[in-house]
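I'd like to ask you about the structure that follows.
So that you can tell them apart, the chains are marked A, B, C and D in the order they are listed, and the count of residues begins at 1 in each.
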Amino acid sequence: MQDIGIGLVGGGYMGKAHAVAYSAVGAVFAPRLRPRLEMVAASSVESAERYRAAFGFRRAAQDWQALVADPAVDAVVIASPQATHRAIAEAAFALGKPVFCEKPLGASLEDAEALCAAAEASGVVNMIGFNYVRTPATQYARRLIAEGVIGDVTWFRGEHTEDFLADPEAPATWRTDGEANGTMGDLAPHMINAAQALLGPVESVMADIEIVHESRGDTPVTNDDQAHMLCRFAGGAMGHMFFSRIATGRKMGYIYEVNGTRGAIRFNQEDQNSLWLYKAEGPEAERGFRQILIGPAHPDYLAFCQGPGHGTGYQDQIIIEARDFLEAIADGANRWPSFKAGLDVAHVLDAARKSHSNGRWQPVVHT
Amino acid sequence: MQDIGIGLVGGGYMGKAHAVAYSAVGAVFAPRLRPRLEMVAASSVESAERYRAAFGFRRAAQDWQALVADPAVDAVVIASPQATHRAIAEAAFALGKPVFCEKPLGASLEDAEALCAAAEASGVVNMIGFNYVRTPATQYARRLIAEGVIGDVTWFRGEHTEDFLADPEAPATWRTDGEANGTMGDLAPHMINAAQALLGPVESVMADIEIVHESRGDTPVTNDDQAHMLCRFAGGAMGHMFFSRIATGRKMGYIYEVNGTRGAIRFNQEDQNSLWLYKAEGPEAERGFRQILIGPAHPDYLAFCQGPGHGTGYQDQIIIEARDFLEAIADGANRWPSFKAGLDVAHVLDAARKSHSNGRWQPVVHT
Amino acid sequence: MQDIGIGLVGGGYMGKAHAVAYSAVGAVFAPRLRPRLEMVAASSVESAERYRAAFGFRRAAQDWQALVADPAVDAVVIASPQATHRAIAEAAFALGKPVFCEKPLGASLEDAEALCAAAEASGVVNMIGFNYVRTPATQYARRLIAEGVIGDVTWFRGEHTEDFLADPEAPATWRTDGEANGTMGDLAPHMINAAQALLGPVESVMADIEIVHESRGDTPVTNDDQAHMLCRFAGGAMGHMFFSRIATGRKMGYIYEVNGTRGAIRFNQEDQNSLWLYKAEGPEAERGFRQILIGPAHPDYLAFCQGPGHGTGYQDQIIIEARDFLEAIADGANRWPSFKAGLDVAHVLDAARKSHSNGRWQPVVHT
Amino acid sequence: MQDIGIGLVGGGYMGKAHAVAYSAVGAVFAPRLRPRLEMVAASSVESAERYRAAFGFRRAAQDWQALVADPAVDAVVIASPQATHRAIAEAAFALGKPVFCEKPLGASLEDAEALCAAAEASGVVNMIGFNYVRTPATQYARRLIAEGVIGDVTWFRGEHTEDFLADPEAPATWRTDGEANGTMGDLAPHMINAAQALLGPVESVMADIEIVHESRGDTPVTNDDQAHMLCRFAGGAMGHMFFSRIATGRKMGYIYEVNGTRGAIRFNQEDQNSLWLYKAEGPEAERGFRQILIGPAHPDYLAFCQGPGHGTGYQDQIIIEARDFLEAIADGANRWPSFKAGLDVAHVLDAARKSHSNGRWQPVVHT
């Protein structure tokens, strides 16, 4: 059992989630490398110190530069805003330190391209924070599709819908400003990643993107409230994706439906411990979507609980993610999803934005 | 209590449904006009006679022409294939007889235009067979939206999905041949009508339409297996509609979701006695989609049962439809949906087909 | 096609349901005997006349005695209160006329015994109105269990729960007075019948019966608001049944769950078009309760609709019931459930009441 | 920030869960006392060493005696079989060390009484492992009922059903031997505790308890496969509880339904992030059970995730439990549920067993 010093940048929503994950992952998965919560950085040294005390890190950093450079920091976890991702990751790569970066991969397609290139050039382990595909149910859905259980896939429907800005009276914040913080920048990446994980590459898209509430208070809103797109997948399937932060009543509508020639799958993250599977086999009278309760027979569940149907939650995905990052470092080889997967998503977003501007189908660049 | 002689053309899937409806509607709703099952016509005199005996009509007609012309036939119900709708309805209008016509309104946009014009010219009562909007739950959803219970509508998602051709080995039939029998011709009209009923006119669409299984056995398939479209509604909302006859596992996926600024509604015809309503009011901790079980407090339910949650079924919609047709005749004035509503749907279908061909957004013609 | 004159006693909740059913059943099922709505009787000649006009009967009767005696009345349908069942049925049997009697079989165990004896002595066709077991889903559940699909049954849970008296402020009515109108008298018979249909005879019970709201306004309540019982079935299974008219939020909670050694079944009448089946077979990871949407592959559905998942409703059960009664008459032989099934239920109710009084398990009499 | 040395006895199903919980709780809740994973004991020193390495404890103990006595062990967590609970806890109390003990409170009513007495005599903090009542949804249900949101409670239905022994071919193990390991010993305590937490004391019970599969292979089964009981609560409500390890298809059927005069609540641990609430208020047409997705507005959720509907899982309950134990120690005062709550459950079990033997209602002892 060898330990590894973790440096965490950011102590907000996701910073805390990673802090908990690196505290728990050792006991859950007994990975070869045991994380040591070495250092945390934030936007000020005071907040860094607050996070240190709360989460149990050894030291608070002056700033992220100090954290990245610190010799006791062996790997860097970036959980600060999108605009900061690129500089931090590039600095870490320059020192040969593995990087885990929260989604999206930087604030723009350019960032994503640069980050991917830097990662490859450095040769060190890199990973992007698409945590929802790690839910045991979605890992299992992916396997079912790959094994052909539902036959050839003909249709995909995905959405990522929440309602945190559904109220037109909700005030403007940083979330209502800047492309990278809109629905396409913030929510879409998770579901686009899922689509790619489940069906393979998206070939072309035709999108419609909308600012529904054009100002909040006196402040203009500069990014999209909802967006959707027609898709054509390289594998031949048709599809549709929808993203919204104004979907009243939806709290975590990470929802997908996949139709195949021999079966179908349905999933909703709001009930993340059920996967719905239909198999077109057996007597017609006995057919129906079955609610599979996730348990030890499904990927990465057993480490959390021996009993089926007892359930994993949001935080557990981040623990699985931490395990994967640690094991990738131990192997010295990337595990999916690396930065490359972040760039794949960025290309779809870019094509969607172009198609919205010009009102035409747009091919998606593949790299 | 005055009776009215009904002439029914067609005794298949829908012909039988109308025969049952006109048998039952008197006892259910006590309408001013009581239907007398006078005459039935079919593709041969033998089958007409078979239907007569089975359904309890007084007489079988030689053919639809004889039926329409018969003096004891006071109103005509058309439940024969789309290609026959126009000639039959026009003949009835010429004699000043009210016409109920199954959806879609003829086999093409031209048919729909001609039928609408003929109906208006004749001045007699006419109605088109959009039965699903008559389910008590959907009538109620319409009322909730109209009354502003969910605020301003921002998003609509609709689908009509079934799986009767999901099996790639299923043989070619008349259903796999001809535009009017494809998914757009056959299934889409119901959901497009629902979208218009719930949100008002569709302004423009961008569609993708697909033949997934290009031949069945040695027979080429000439019409679409699935189709979908981005929509912009005149009222400002965005939306998406999807239609499929290969949606494995879906039996009657007439599904819609409507997001508003103050609430949201969800419905699935597969559980037609529940309407799901979310209201953004009261303490956050108590909010959630509520499953409203349809009962006497909802439109057109009480006539079927005094107990809430006891449920209505498919056939009951057709009885409501029959009541509306009879009452329209008694009033001498159309009730929604008249042929005009059929034409509104045909215009959306036409725009969708054009947009699919040219890969661009297409405005929908309004009349 | 031969017709048969129907005489209906009662035009309220169930009287209307039967009137509609006998209007529609000919077109739906094409039974050998076609009902002619001959005569209706009610508590006064004025109300009988009102029902006649509304439902489309030929004649209103002076009283039930006149109806039963009328030579054009070939079969009698009793939909008047429990206290009237016995006299009407006995009069009809005396004339050799088939009788359909609404549940329960009279107002007491004595009534039930007398009615059963009279029915047997007369040798004419008799049937009791347990309509819920005729829902296609429940017919199918019965078949699945009988065929051993879920293995040996180990557990049964049933409830019939509604909330029409949940509000403590709801006023006293005839429903809150008299044993036959309490929860045990009114709601329990349906679920007890279901338990017997699905699992076979109940061997012994241990019950608890309660008046929750002892008065309403100034009027004392004399019958039970809720009741439940432990059961032992002759076939070896354990079980529990619960009945309530104060189950806030439940509208038609006719719910059962059956566990077997190789599978399980769940059903709720509030979603009567789904049956939930679990089969302990295939890979563990793929197991789950499947939601079977009822369709043409299930009993008595196809006559209502060719499309699966389109749904039947409350009224359709009564149509199926009418078909069974007509076909029994045509055969000259009872179809299940005859009066005997009503007596089987009455014996369970009697044992439950005794066990509640003496606080001990009570064996159920079998005949 | 002060730390506290945790000594864990047992490293199996629950031992691991507690090891993870004490690893994570610091970062999740920032409790006043920070746990230090000091020592683990198991049935052999080899397995203790294995757990030490896997979970990240500092030291493995020779045996539980050494662990309890170790000066660096400040508090003891017992996650070994029921037969060991008493001796370990008594030894810890003798040294004035706080004890967390897994449910049930020992192997018998005698154990429970002795443990409760020892705990009180020692005056040190004690807690019993009823984790399911800590799920945010159930904490919230408790609050809703306490605040009268559903009015006066009239009915409670609870079950704890799983299917790990549903297959009659499953072999005999330690679980099929001995009263403390049967369904009543193993599963019932959780739901009885929930019933008491939600409604208050149970006054009397009438139970039926069954060994369904009397032998497995050649080995006789000596404990119950399923059991259920009628209940009367001191507060006036009626109720029923059912426990089964042979409930085919149920994986974690910790299910309860509570009816009140003004509302109702439903919950199923298999979907632990939803609570279903019905309120008898507002227009009848808008009423229905609402699916509340648990989020930051509900108890103990926010520490796990800022987003509503993102979900907590099984492991998170154990983290909440660890927080409560640590905070109780910091306060020097018990938090619910202390050993007393374990004894309350044991009294219900005892009354149920007696009532099963003598076939009569049995009062429940209160202390």
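Just so we're on the same page, contacts are C-beta pairs under 8 Å (C-beta built on N, C-alpha and C of every residue); 3 or more make two chains touch, one makes a residue touch a chain.
Just so it is clear, the model here is predicted, and its values are computed rather than measured.
Asks: By residue number, over half of the contact pairs should agree; on that basis which option among B-C, B-D or A-B is the same interface as A-D?
Replies: Overlap exceeds half of the contact pairs only for B-C.
Asks: Taking all residue numbers at the chain A to chain B contact, is the shared part over half or under half, that is, same or different?
Replies: Same, since most residue numbers here occur in both copies.
Asks: Which chain has its C-alpha centre farthest away from the C-alpha centre of chain C?
Replies: A
Asks: So, what's the distance in Å between the C-alpha centres of chain C and chain A?
Replies: Measuring from centre to centre gives 54 Å for this pair.
Asks: Rounded to a whole Å, what is the gap between the Cα centroids of chain C and chain D?
Replies: 41
Asks: Which residue numbers or ranges of chain A touch two or more of the other chains?
Replies: As it turns out, chain A has residues touching two or more other chains at 250, 274, 278, 287-289, 293, 295.
Asks: Which of the residues in chain C come into contact with chain B in the complex?
Replies: 1, 13, 16-17, 19-20, 23-24, 26-28, 30, 34, 53-56, 162, 250-253, 269-274, 293, 295, 304-316
Asks: Where on chain D does chain B make contact in their complex?
Replies: On the chain D side, the touching residues are 140, 274, 276-279, 283-293, 295, 297-298.
Asks: Mind listing the chain D positions that touch chain C in their complex?
Replies: 150-151, 154-155, 157, 163, 166-168, 206, 208, 210, 212, 225-226, 228-230, 232, 238, 240, 242, 244, 246-250, 259-264, 278, 280, 287-289, 359-361
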